[in-house]
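Can you read through this structure? Questions will come right after.
Order of writing sets the chain letters: A, B, C and D. Residues in each chain are counted from 1.
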Amino acid sequence: LGKYVDVTAITPTPLGEGKTTTLVGLAQGLGRIGHKTFACIRQPSMGPTFGIKGGAAGGGYAQVIPMEDFNLHLTGDLHAISIAHNLLSAAIDNHIHHGNALNINPFSITWNRVVDLNDRALRSVIVGLGGKPNGYPRESGFDIAVASEVMAILALTTDLKDLRARLGRIVIGTNRSGEAVTAEDLKVAGAMTVLLKDALQPTLLQTLEHTPAFIHAGPFANIAHGNSSVVADELAVRIADVCITEAGFGTDIGAEKFFNIKCRASGLAPDVAVIVTTVRSMKMHSGNHRIRPGRPLPPAMLEENPDEVTDGAANLRRHIGIIRRHGVTPVVAINRFTTDHESEHRAIADVCEVEGVAWAVSDPHAGGGAGCEDLARAVLDAEPSSFELLYPDDLPVRNKIERIATEVYGADGVVFETTAQKDIDRYEELGWGDLPICMAKTHLSLSHDPKVHGAPTGWTLPIRRVQASIGAGFLLPLAGEVRRMPGLASHPSAFDIDLLPDGTIVGLS
Amino acid sequence: LGKYVDVTAITPTPLGEGKTTTLVGLAQGLGRIGHKTFACIRQPSMGPTFGIKGGAAGGGYAQVIPMEDFNLHLTGDLHAISIAHNLLSAAIDNHIHHGNALNINPFSITWNRVVDLNDRALRSVIVGLGGKPNGYPRESGFDIAVASEVMAILALTTDLKDLRARLGRIVIGTNRSGEAVTAEDLKVAGAMTVLLKDALQPTLLQTLEHTPAFIHAGPFANIAHGNSSVVADELAVRIADVCITEAGFGTDIGAEKFFNIKCRASGLAPDVAVIVTTVRSMKMHSGNHRIRPGRPLPPAMLEENPDEVTDGAANLRRHIGIIRRHGVTPVVAINRFTTDHESEHRAIADVCEVEGVAWAVSDPHAGGGAGCEDLARAVLDAEPSSFELLYPDDLPVRNKIERIATEVYGADGVVFETTAQKDIDRYEELGWGDLPICMAKTHLSLSHDPKVHGAPTGWTLPIRRVQASIGAGFLLPLAGEVRRMPGLASHPSAFDIDLLPDGTIVGLS
Amino acid sequence: LGKYVDVTAITPTPLGEGKTTTLVGLAQGLGRIGHKTFACIRQPSMGPTFGIKGGAAGGGYAQVIPMEDFNLHLTGDLHAISIAHNLLSAAIDNHIHHGNALNINPFSITWNRVVDLNDRALRSVIVGLGGKPNGYPRESGFDIAVASEVMAILALTTDLKDLRARLGRIVIGTNRSGEAVTAEDLKVAGAMTVLLKDALQPTLLQTLEHTPAFIHAGPFANIAHGNSSVVADELAVRIADVCITEAGFGTDIGAEKFFNIKCRASGLAPDVAVIVTTVRSMKMHSGNHRIRPGRPLPPAMLEENPDEVTDGAANLRRHIGIIRRHGVTPVVAINRFTTDHESEHRAIADVCEVEGVAWAVSDPHAGGGAGCEDLARAVLDAEPSSFELLYPDDLPVRNKIERIATEVYGADGVVFETTAQKDIDRYEELGWGDLPICMAKTHLSLSHDPKVHGAPTGWTLPIRRVQASIGAGFLLPLAGEVRRMPGLASHPSAFDIDLLPDGTIVGLS
Amino acid sequence: LGKYVDVTAITPTPLGEGKTTTLVGLAQGLGRIGHKTFACIRQPSMGPTFGIKGGAAGGGYAQVIPMEDFNLHLTGDLHAISIAHNLLSAAIDNHIHHGNALNINPFSITWNRVVDLNDRALRSVIVGLGGKPNGYPRESGFDIAVASEVMAILALTTDLKDLRARLGRIVIGTNRSGEAVTAEDLKVAGAMTVLLKDALQPTLLQTLEHTPAFIHAGPFANIAHGNSSVVADELAVRIADVCITEAGFGTDIGAEKFFNIKCRASGLAPDVAVIVTTVRSMKMHSGNHRIRPGRPLPPAMLEENPDEVTDGAANLRRHIGIIRRHGVTPVVAINRFTTDHESEHRAIADVCEVEGVAWAVSDPHAGGGAGCEDLARAVLDAEPSSFELLYPDDLPVRNKIERIATEVYGADGVVFETTAQKDIDRYEELGWGDLPICMAKTHLSLSHDPKVHGAPTGWTLPIRRVQASIGAGFLLPLAGEVRRMPGLASHPSAFDIDLLPDGTIVGLS
């Protein structure tokens, strides 16, 4: 098998730290120095594409092309996921409408509908209004499609047969006796599979420097598991010398799920984890600045200030620790911005050296593969890893959550609210206690409070509810307020996107 | 230009009369006798595919292949339409949420959301619940995606520039002064166009006998205009000797819209209209039987009974008259079923001969192209047409509607309910009086009452409301109760569709 | 038994024609000329009191006192009705919440909640939101309390035992087999009766000239039956020489229900019906003017114009005919306003004389009883009546409705919409076909269109739905758009009502 | 002024400990030993009357008569409160409907509607559905009428002028600039006052032994302030030698509000506080039993077990401490039940004696006034009090709440949730920081968790939100889950209440 490299990051600013760009640049860099490399990248959601954050193709000389198609609905996978998801939703209300032979408790239904857009008006809706021909009124909602359990299933499944079985296991709620009701019970798991048969195939694109890239599965590691797919990685490690895959946001979010959900499922063991960091994110963690999405950085952040970088180092150190807790060798990639100063890069390097971690300055945006050769070499030279899971399957659910909270996030402990307590007890009764944990938590802080930077200590993680994704195979605790459907800003990217008469697309990035 | 042939039908049974099968068979038959032929077929909606009626690929030896992909989301067009449509929906609520600078009157909004499924629970919903972060509560609904104005635009547009302009002209409601608010005002027409850029290209498939077929635009001529696209037809008439296109349901529904909306837009003039009829539909119009979707035919309908066929002839005669009213030469295709009797075909032929209309028995399902050679020759030999529109652009709206009601449907007149009166007055004030009419009416009767068979006289057409599709370029009166979102049956096709471990799809047809 | 006089009116302006004032003045006038008289008056609703129309105590020197208490919640009857009504509403949702042992079909429930206010926001609501502890979501609504069936029961019942039985018979909807579900089934008819035990007693007040007046039952004869109570009338005809009772709005509305519902129930036969008319209402029926509630009369209406009065006479003639159709002797009361002219009164008198109807000019507002002595004498001298019902109990429901439409309203016939057809068939099946009819129709026209004045001919009455008030004992067809819950105006009377520091109430009238 | 005695209790069982019965018995007992006494009792709500708990007239030989009228809507006060409250509700939606000149932020509206029934389906509703004529859709709810701020105003006001002013000060929400919108702004405070003018008068009834009793204001001290009225008490202390008034539930609930809200408003200082206790409640606080409303007591509770009584003494001691914290002399009334044992009374007496508190066994139910003479003497002989408020007006809001939590409830501290923090900051900005606190907390525990008995320590009080009742003059923090609208049980009292043909009421108690 090829070398298996995960690209992750420190706790990012709301603007992102260039993780995908680094991944693409690193893949290109490895190619330049003679290694057959495959990049495994996630399918963008049109929510951010039309929202504030924009597309997810990388940037500058480290991009997946054609960028426009990549960022829109090239692969059709998200549409297939949406329609398969919504077919199950329709089947639920249809079943109740036609007499509810399964005796589904309508208050137990956790299966929302989805749309791959930021549409806050759909977060909380009442469906089934207008009288008997339209079914029974019910409070429900829509999530963004990438947060669908069907996406998680697609990311974790291994083949068509497993896909069919997982879709059948999806639990949409319970009957009035408290027993789980599944997609199989509702008789649409077959049709869902048929809708997803092509989506199961990773889409092959390439980077600007012709490195092959699999596009498969989706983002949003804060509210989903947010990793690229097992199928793509399995293919890539067999085809290439190096397979570089991506785990969303910081190591507490995407990488923790990469280790404990995805690698647990696939059996693959990562060799290296690249932690992408930037001068600006280090400065943010100093606590001296406030960064807002859609606005330029505060000018004070752009002044040369290596001490401030050092002040923000606690966050980086924590992320290094998280990687090491899983037995994996970290490499720090310092993603260069034009506004950086040499002294600031040095300050980051100093932190790494104290910690005994390899590092490289990389410049994928301006330099493409050439700008990432140092990083490529650091990755190749990394010490061997000895991967270990954070918790065994049979640890009780509460303890699993506590272990993540304390050993990954740095919390003192966990408070389970009443609803969460009941959820866990019920799930353990239903025999789901052995499943791994997929935390829904903000990606903007190591804690559950997006305003807290650095590496906070002396706090407690609140768990409000726990949901169950039985088809995907994990339990999903909600830490603090986490929205599964974003909203559009007052001036979203969609306003700037247009098609010129000559067919050129403008405004997409 | 090639010969331009429209395939339409008499008022069908709920099972359909094999219009697409005849179209494919006819195209194959023309090929067999040496004519380069192109079929222009509509993209199926997943609503019927997973519902009762099933797919729309034709059948037997007269099919478009690969049938499975054709019936699912092969082209992705319906997904592109759905997401473009829903992006505009999200933009509306987002605009109001961020202060409503355009002063949109929330009660005036007619732009629903869409999903390409039968989901009755979404017909009538309340969105925007859950407090200020989720926007303002509003009564709204979902339509099936094929009924979207975006689909109508895609079917009627001619190029990317026109597509962009039409999307911008979509009217979603009015401001508090009663002025129209458009997609352009909401600044998302550009992004919608970008989403649709690939959908504008017709998809090229082939039939079992290798006749090329363009797949483009969508069905549901009862609640939309339901014709295949202008772009596909324009291409086909330039490439081939014969272009065969399809207009949904009976001549009162699809063909009337084909003539007065689509041909008005494209400037193309049809040469022949093939009216597909069947023994069973003729018998239904005798008024002696009741046919129910999802159930087998009443056995009494299968007995030899040419007199009953003759009793049901009034409906066929009316459809012949509708075609002739537009100056077009009709040809009647008697679509053979294995349960037919020779004497019954003869009875239909007798009706045609009295009317002076050419006819042929065709057998596309069992015979493929070979079974349609007679029909092919009848089409080629048809007298030349002299196409004329039913009404000029500048006829007042009420008169246009009355002309359709009396000269096409055979009504004595029209009753405009109060809301419809107000709608028409408002539209004429807003300068939309010159647009053609796209009636929303049941396809199961020449009248607005689906239970009335034959060719009813002495009745009045009620118009409840009139909607405006300014981007598509028509006004949409609702005649009687017309639902823009179907529901699933208690045992829909979706239950039978599955994927076998070897990758075979079962249950799709 | 004493003489039994009903006070009714021609089709009124939105301002009302002084029916209650005339009633009080007539009662006072009869007293002045030596006849023991009792007035039976309806309890005002706080909807109009706080809305536009104001109180219902009469006016000037012909008032019930204390006016303030009379117009507010003196008797408490409407509160008792509201709480009894709403207890049944709560019992319905509670029953479903606790398992729905009666198998109530939630879509069949016709029993709304009530409040005695004009509150348009409550017309259409969704109740039962917020999850399982709050019951099942359901589309429902609130009516104004005077429109409650409980009010109708109170008006038509004869004693506590009958009240108990009628409350038990109230039908709130059906079970899933289509059988009626009653208040008795829901086990709260006893508690409802206990709540109403004091409301069953008429409240005794007096007029400014010390004529005794029973206050009992409620108004809104357009959407309810709107007559004063059987109990009060039965008492009064036994105590007094003359009992004067009131039937709301025109003879087509209140008097028709007085005859065919109330007298059918009580067995009492009226001796005289006083038709109150005014110069301004006659002028309105000429069709020359438009009167708006809350605005002053158009000045042109105040000019001397006896011809215009004559032009509006068709309406009065029709009302005279309606009274005579029931075998009752009409007397026309010309209620004088200070803006009237002698010649205009003469014009009305001429109409009456041609019709052979006794008449008198009365001036209750300025003259009190003295101003109504002529009217009093005309009533005493009226020819004897020979009362007959418009239709027998066993006439089929459709025919009863048609008879009212054609013989009372002057329509050519009735169109029953589909829902109404189903309602009637179901009610006849359930054995309710023998009940009398309580039409819900606008009081502002003899037709169902409030904008049509005079005595229209050549029209058809549309019946949308039919409701069933089995406890009250009638069927309730809805003719056109009839709202059972009014809304407040932009400047309702409530804004002007206040309590001065000395305890004086201002703004009530 | 007469002696001013408050009757309160220890933390009760769900069945109640006979506080009203003791109050009536004590008043009768004082009468028997020669003291002119007046009882001030609260108006029952029809929610409990028709629910599980039943009426509130006392019981046995210590009752207010006529019990039936007392428990139903004798005084009409709750109806007047309901209609005045709902008039303001209607005015809010009407104002928005007519253009929202005050620019009310619909999401800020905290003024619900009310009904005096247990109707869970109304807890959470959407109003204003059905299109423009019905106003704007809005999420809202209904509270039980006794929880209305109008009830609190009626209880705390001193005269008509003050009533008028307080109603005008009611804050229903804010405008979009965050400024308070009042009933005065909405112009209906005058009409509301007029509706309440008679309700301001206490209703005079009597007990079975002819002790006069004022019935005024309402219960539900858990979600409202739940004390009898200032007006009634002011009258009674001027008329009688002794005025006995009632504060709902335990001293932590009703008495705390009596001291810090009612006495702060009236300026009256209590002389004695009678703490009613029972053997069964003492046993419940041992933690050994679970008592459920609507079910008989566990048989084990009825066995002689003085040790268990002693085990539950911590709760009583805490209540004694709460009274003393306010400088008032407590007297413990041991309300005898037939199932008690002498030794158990002795156990309670021992607790009192250790605490130095006077006590008496009383038997109002079986013995009437005679059974309460000991208690009467204990009250008369009580040491003089030196009343003091728990906190000054100008203590910051958070500190007031913390003082109640720690010094009254025995909590370690308070956790203010985010919403509560914002509420308090906003209220202090709006100048409402000087108002006293009216906690909404369960009455079934000294803590916020109804399942915790005894006198818990080592816990923290969570405050979710804080509401503002500016007309009543207090802030209303919600501690834990507190419902302002009860629901009916599966077999509520309403099912047993009926009216026999002879007019007898059965089933009320």
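To be clear about the criterion, contacts are C-beta pairs under 8 Å (C-beta built on N, C-alpha and C of every residue); 3 or more make two chains touch, one makes a residue touch a chain.
This structure is a prediction, so every number in the text was calculated from the model and none was measured.
Chemist: By CA centroid distance, what chain is farthest from chain D?
Modeler: Of all the other chains, the one whose centre lies farthest from chain D is B.
Chemist: Could you please state the distance in Å, as a whole number, between where the Cα atoms of chain B are centred and where those of chain D are centred?
Modeler: Taking the mean C-alpha position of each chain, the two centres sit 66 Å apart.
Chemist: Can you work out the whole-Å distance between the CA centroids of chain C and chain D?
Modeler: Using C-alpha averages as centres, the distance is 42 Å.
Chemist: For chain A and chain D, let me know how many angstrom lie between their CA-based centres, rounded off.
Modeler: Here chain A and chain D have centroids separated by 52 Å.
Chemist: Of all residues in chain B, which are in touch with two or more distinct other chains?
Modeler: Chain B, residues with two or more chain partners: 126, 129-130, 138-139.
Chemist: Linking chains that touch, what shape results: line, ring, star, complete or other?
Modeler: ring
Chemist: Going by the touch definition at the top, which pairs of chains touch each other?
Modeler: A-B, A-C, B-D, C-D
Chemist: Using the touch definition up top, name the residues of chain B that touch chain D in the complex.
Modeler: That would be residues 106-107, 126, 129-132, 136-139 of chain B.
Chemist: Can you list the chain C residues touching chain D in their complex?
Modeler: 46, 50, 68, 72-73, 76, 79-80, 82-83, 86-87, 89-91, 93-94, 97-99, 113, 115-130, 133-135, 138-139, 160-161, 164, 187-188, 190-191, 193-195, 197, 487-488, 490, 492, 494-499, 501, 503, 505, 507-508
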